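Two complexes follow with chain A in common, the first pairing it with chain B and the second with chain C.
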Partner chain A sequence: MSVTTTLIEISVIMSIMFAILFFMYYKYLTGKTEADVLADENNYYDYGSYLRENKRKGGFLSTNNFILNDSKSIGMRYIMTALTFFFIAGSFGLLMRVSLIQPNPTLFSGREVLYDVLTTEHATLMIYMWALGGAMGIAYYLLPSFLKVKADKYGSISSTAYWIYLLGGVFILLSRTSTRWYFYPPLALQLNPYGAGAYNWLAVIGLEMIFIGITIAAIVVVRMIILDRGENVPLTKMPLFAWSVLFTLLMFLASAPFLMSALVMLFYDFFNPIFFTGVAGASSPLSFTELFWIWGHPIVYIAILPEFGLIYEIIPKFTGKKIFSYTSGVIGLALLMPLSELVWGHHLLNSGFGLQWGLFFSTASFLVVIPSAITIFNYIASLWSADKIRLSTPMLFVVNGIFDFIIGGITGVMQAMLVVNIQVHGTYWVTGHFHFIFMGITTGIIFASVYMLWPTITRGRKYDQHLATWHFTLTAIGSFVMSMGWTVGGFLGMPRFVSGYFARFQVYQDIAIAGGVIIGIGQLFFLANLIKSLLDEPSTTTNNAFEDEYTGDENEVGSNEPEPLKNPTAVGGE
Partner chain B sequence: MNKKMKIEAMWIIGVLVVLAAAAGLNVYTTGLPAFSIATKETSGTHINPSNHVIEVQGEQWAWVFTKENSTGIHTCTDSLTIHVNTTYTLVVSSTKGSHKLAVIHDLYIAQFDIQVYAVPGQNNTVTFTPIHTGTFIFECVEYCGYDHYIMRGYLTVVK
Partner chain C sequence: MNKGKLGAVYGIVIVLLIGMSLTFVLSAPTSSGGGLLDPAGLKTKGTIDQTIYADAGGWNYSHGAINPTLYFPLDYKICFTVIEEDNLPHTLTLNKDSKYAPGTALTTYENGATALTLITTGQLTQIPGHSAKASYIFFQPGNYTYWCTVHPTTMLARIQVNGTASGSAATSIVSQPINQNSGNHHSSQSNPLISALNHFDSSSLSILIKTDQNILARDLPVF
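Presenting the complex of A and B:
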């Protein structure tokens, strides 16, 4: 077969493909124009919201979420993506945990690199796809009704941002990188299975894409909060969740450029190692670690701030009273934003920067406690002053989250002290510290919100209370056991991110494995609940408890005591 | 000032008191003789291995300790023997070994409260004085590739 024949075949195939693509685009455009006209006639600002509200389309597992471009559909997309990646990364976590049952590698014996890959993927995907994506999804879903937005004009931009973000996550998954979520350079530049993994460059591209996607989405959401609020929602009476999202995204926009530029330099290093190699003439690898942690510390607040805001929204639904103090709630969230940007150096206390550096950053780290304490006080006071608290599943997650956050916060203050930091830096203590917070606040509150949104997500089904209670109980107990095993073992010197360890640490590892397995079993109850709901017939309206307060009447937001829930059964009430 | 604000102010003052105490304790403990934090060696002041100065090189994946005494230079890998009640200075850096680039490691001796990063192209120093005899563990706690977990060993303190 000659070259000419091949070329002709290729061009024919390409012409046919273009014809098909053009036809699809034509059909899409016609349908969109018709829907636009219809939406315009019915006073809707875009066809997505029109279709969502009038045709009862676009629920959970509906492809419409991925085609329609209104904020609610995009929110659902992010939530579905986050849940999917939660289960992927969670099973990675479970697998690597079980592989640590013996001091010497057993499950991955001779293939220890598999452990490194699983751990890196677990951390990276959990942070960027679950914590960040889940918060982004709930923000996109709730804010339009919380703020009664006038116009939702940036759907196509948000949609583009979502696809860039999703592709970035998939790239990280495909890259099988084993460089730890830090991407510390001389190791990240070793493109072989013994270093960072052969396809680490793909992970760098993927991470950069996640940043680009979330940056675009952050600008859209910040614009929605500041400029597109309804006339009767003044800034000073905005729901606390909107405040928390605003602060989170401003924090993101302020700190992300540091790592974005560092990643570009790292990518250049793959071809021409001049930036972070540490050889004579190049800059020190520590310069990358500085750039990384200027971003890397705010990310851990980005993962909890929206959830703090969600707790403020959830508590009144179950106590029937307003939150204890709106003003100190806003102050607490607002202070976290600048203070968390000041403390990143505490991740590098032992790198040779010396005593003065250490004292500055450890003192700054103490200051972060103040806004956290204000916030926690506000929660406890709200619960304290309530006449009656209904302990349904979302509320149980909230109470457990507050409990876990107190433990995680205290261990955090302890490790900010220089003398303790030398003892616990790089050990499982740190892993325990942030899993207390990430399991209690991030994961717990996103799940609480999913339960609150259940009738909407599943198009009119209630969740099974028994399964939900089991899900909560196992998640809470499992994460406590796991994190406690790590915290105690880490204090005695158990290093983290190792596929084998000294035999003296086996008891702590085994406790943590037990906890991890309990968490894993707990998540199966969530899946069972989801499947059960989808098999059931619809039994309630598609309203959810989050938005009840904000739909319908023309009252100013926040001016009244919250009303009793319109359909209490939807959130698992009596 | 209503009751609500009073409770809130009391809470915040309580937190501030605890934090001030913690910050004071933090500064106080850094002044104790046993305390030593990793500090970058300035150029021109490099000290060569001697009786009390131990050069530590991290490579993928082993720790190499170099000591010098009257009988000559001694090098040992993943193990170290030192004397009790003697003040030692560790000079820690990273070498590339058989690999193309040196990477970041982190030497951690849990029972001595010593932790110091091994950064390519930089010498970090830290001092410590063992006061008990026995066998202690040391580990690498900064992920450095495939066999990161075997970068560990025993440190023996003798009379």
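Presenting the complex of A and C:
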């Protein structure tokens, strides 16, 4: 028998096998499952909605979250993944801080590239797995209730997107890349078998997978918001969280393709360097930096915009009044979307692309103050006009978030100035600036939401008020101390992204190390709280304060004044 | 339904995941400090020490010939020791020299994605006398360049790696025994054996006979 005959036989057998597999897949897709029958009997639009409404008491650690494909389960998956990666990436950050106890490298002496690996992993995992994943999880979990969504029939697509996204994050962790989170070539193209960058190609694939996953999920959620809303939730009365998620995901869909294509080109450069290195006069690493930052600035807004929306949802629960101005809230969030696409160049003010470009991006960056200020003043007005504010842990996180965002925002505006930017570019000032915002808004508000969702997450347990207060106090104090040490030291010229520093910066590094260790200890209180709750007997219902307003029988969302905390125990009240 | 044990399981899983991630990331192979991790299954024939002095005026600026051509055998682990001679930042960067032409002066280098920086500015302290180590194995015979990315016009020189023992090297490659001052002996390139003998008379004899491996390192000139 000749080789050709064998090949033909093999290909025929494989074709038949694939036809059978495809038939099985077709039967699986079109088959009426038990859940379909149940959904039909109970007058539900599809089985996803049925599962969402009836099987959602699964809690945080239930394996059902990974088997069922309704929005609530997928939201829980994302939240759980985000928390896990938060602890992993946080331990990386803590180790970096501790290694800077002396000006010369201590822990990584002789292996300084490990510091770069930790920086890269900390940044990439925190941004994509914690900030983006946490926001996606809360959106998936809350939006079906907020919008009274009828149809939930894209569960399998969302599930696929989640697994792609998770695998991408794991790939980035496994790649041990040291390219920093912006993947600049030629560093990202290093493939030498001796360095920590040996698996840079894996990191590029991993990041692309994260993008593919989140893009699919974003399309599903945008469709859920725009097309699948319940009849009694008009667009103009949609909860502000839904608006913020809509703007975030539109921003994502508008800017992600730039980096997705850049990553494909980068991957091609591994084999045939033509795009970013290699061809003299034609390929320039600067084109990658531009493609990256067209995405790279929107991502830092994507990391805070859903949290802005969550603050709008949390404040009324603790003041007993509506938010001060719904319209200005929507306008503030809406303006951030186009402006964030216009200011990407301010990350490249020192790259030498000309004074005119610098002036444009510097001016555009100042305009971002307007929507940010609208939003912040809206929060402050809401708090100002309240008769009484309950300062439970979620509300404390919100107040601290507003405080931190003002500091982080002002330092951001300062560095948008061309002159100041030359001074502070590449220093710890920038690190301090975005850690104020990421610790205060992103991390703080996701934790606040987790506390709000606590009875649902833990199947009817209340969180320990004592441990939660410690968690909040240590996180708030630690992040302020750490970021302030960086900001002051950075203004004096302390360079970031290096495993050592000049001895005259010792005091600022020591302050930052103290802050970092305080934050690290604070997160242990959160973990202890979660474990303690899960070990306790259930003591309350599995309803949470977020959805209470939306699970009643009101005809129209947002028509009634929110009562001051229908379910005080749900947020750890007395 | 009481699934209380899940709390403990969750804590253990989180701690395990953190520990595994830290262990995994901290065990990343690194090239600095001589801590070279060889690829699995690779057998090196031995180790060769090579000391060069970094000065903005040129490699080995005040130590004999400036920018000496280095000669290495194949499949040996070359441990570079770079000693700083001035208070300026330097790197030690290698790449292949595909445009090599015998007898010409070296003016260009290929600073593409394939260039490998063995010693970065971060490993040097700008303090004269400080040294940093890194190692590399040359798998392929041929012509290489080594330079400092901060001072590429002055600190730029050649490395020649000879062919395999079977003698299949390109004709343009001239094999010479490893020697720090071999730049002095270009006139004897036509006869490497004589050149090798000359080296025994030179001041570097003690270096050559320091270990058995270094004796082995200067064997097998291939034509």
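Heads up, the rule we're going with is that the second predicted complex is superposed on the first by the 518 of 574 C-alpha atoms of A that agree within 3 Å, B and C clash if a C-alpha of one lies under 4 Å from a C-alpha of the other, contacts with A are read in each partner's own complex, and residues count from 1 in each chain.
The working rule: contacts are C-beta pairs under 8 Å (C-beta built on N, C-alpha and C of every residue); 3 or more make two chains touch, one makes a residue touch a chain.
Since the structure is predicted, the reported quantities are computational estimates derived from the model, not experimental observations.
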With both structures lined up on chain A, is it a clash or a fit for chain B and chain C? clash
Looking at A:427, would you say it contacts chain B, chain C, both, or neither? Reply first, second, both or neither. first
So, A:514: does it touch chain B (first), chain C (second), both, or neither? neither
Residues of chain A touched: more by chain B or chain C? B
Once the shared chain is lined up, is A:269 touching chain B (first), chain C (second), both, or neither of them? second
So, A:92: does it touch chain B (first), chain C (second), both, or neither? second
Identify the partner contact of A:498: answer first if only chain B is touched, second if only chain C is, both if each is, neither if none is. both
If we overlay the two complexes on their shared chain A, which of chain B and chain C does A:118 touch? Say first, second, both or neither. second
Have a look at where A:535 lands relative to chain B and chain C in the superposition and call it first, second, both or neither. second
With the two structures laid over each other on chain A, which partner does A:278 touch: chain B (first), chain C (second), both, or neither? both
Which holds for A:170: it touches chain B only (first), chain C only (second), both, or neither? neither
Contact residues common to both interfaces of chain A (with chain B and with chain C): 112-113, 186, 189-190, 193-196, 273, 277-278, 498-500
Under the stated contact criterion, what part of chain A meets chain C in this complex? 59, 61-62, 84, 87-88, 91-92, 95, 109-114, 117-118, 121, 173-174, 176, 185-186, 189-190, 192-196, 198, 269-270, 273, 277-278, 459, 498-500, 527, 530-538
Chain A touches which residues of chain C in the complex? 1-11, 14, 17-18, 21-22, 24-26, 28-37, 39, 112-113, 115-116, 122-123, 136
Which part of chain A faces chain B closely enough to touch in the complex? 105, 112-113, 116, 178-180, 182, 184, 186-187, 189-190, 193-196, 273, 277-280, 284-286, 289, 324-325, 328, 349-355, 358-359, 362-363, 366-367, 369-370, 373-374, 377, 381, 413, 416-419, 422-423, 425-427, 492-493, 495-502, 504
Give every residue of chain B touching chain A within the complex, in rising order. 4, 7-8, 11-12, 15-16, 19, 22-23, 25-27, 29-30, 32, 35, 37-40, 60, 94, 99-104, 106, 108, 110-111, 113-117, 119-122, 124, 137, 139-150, 152
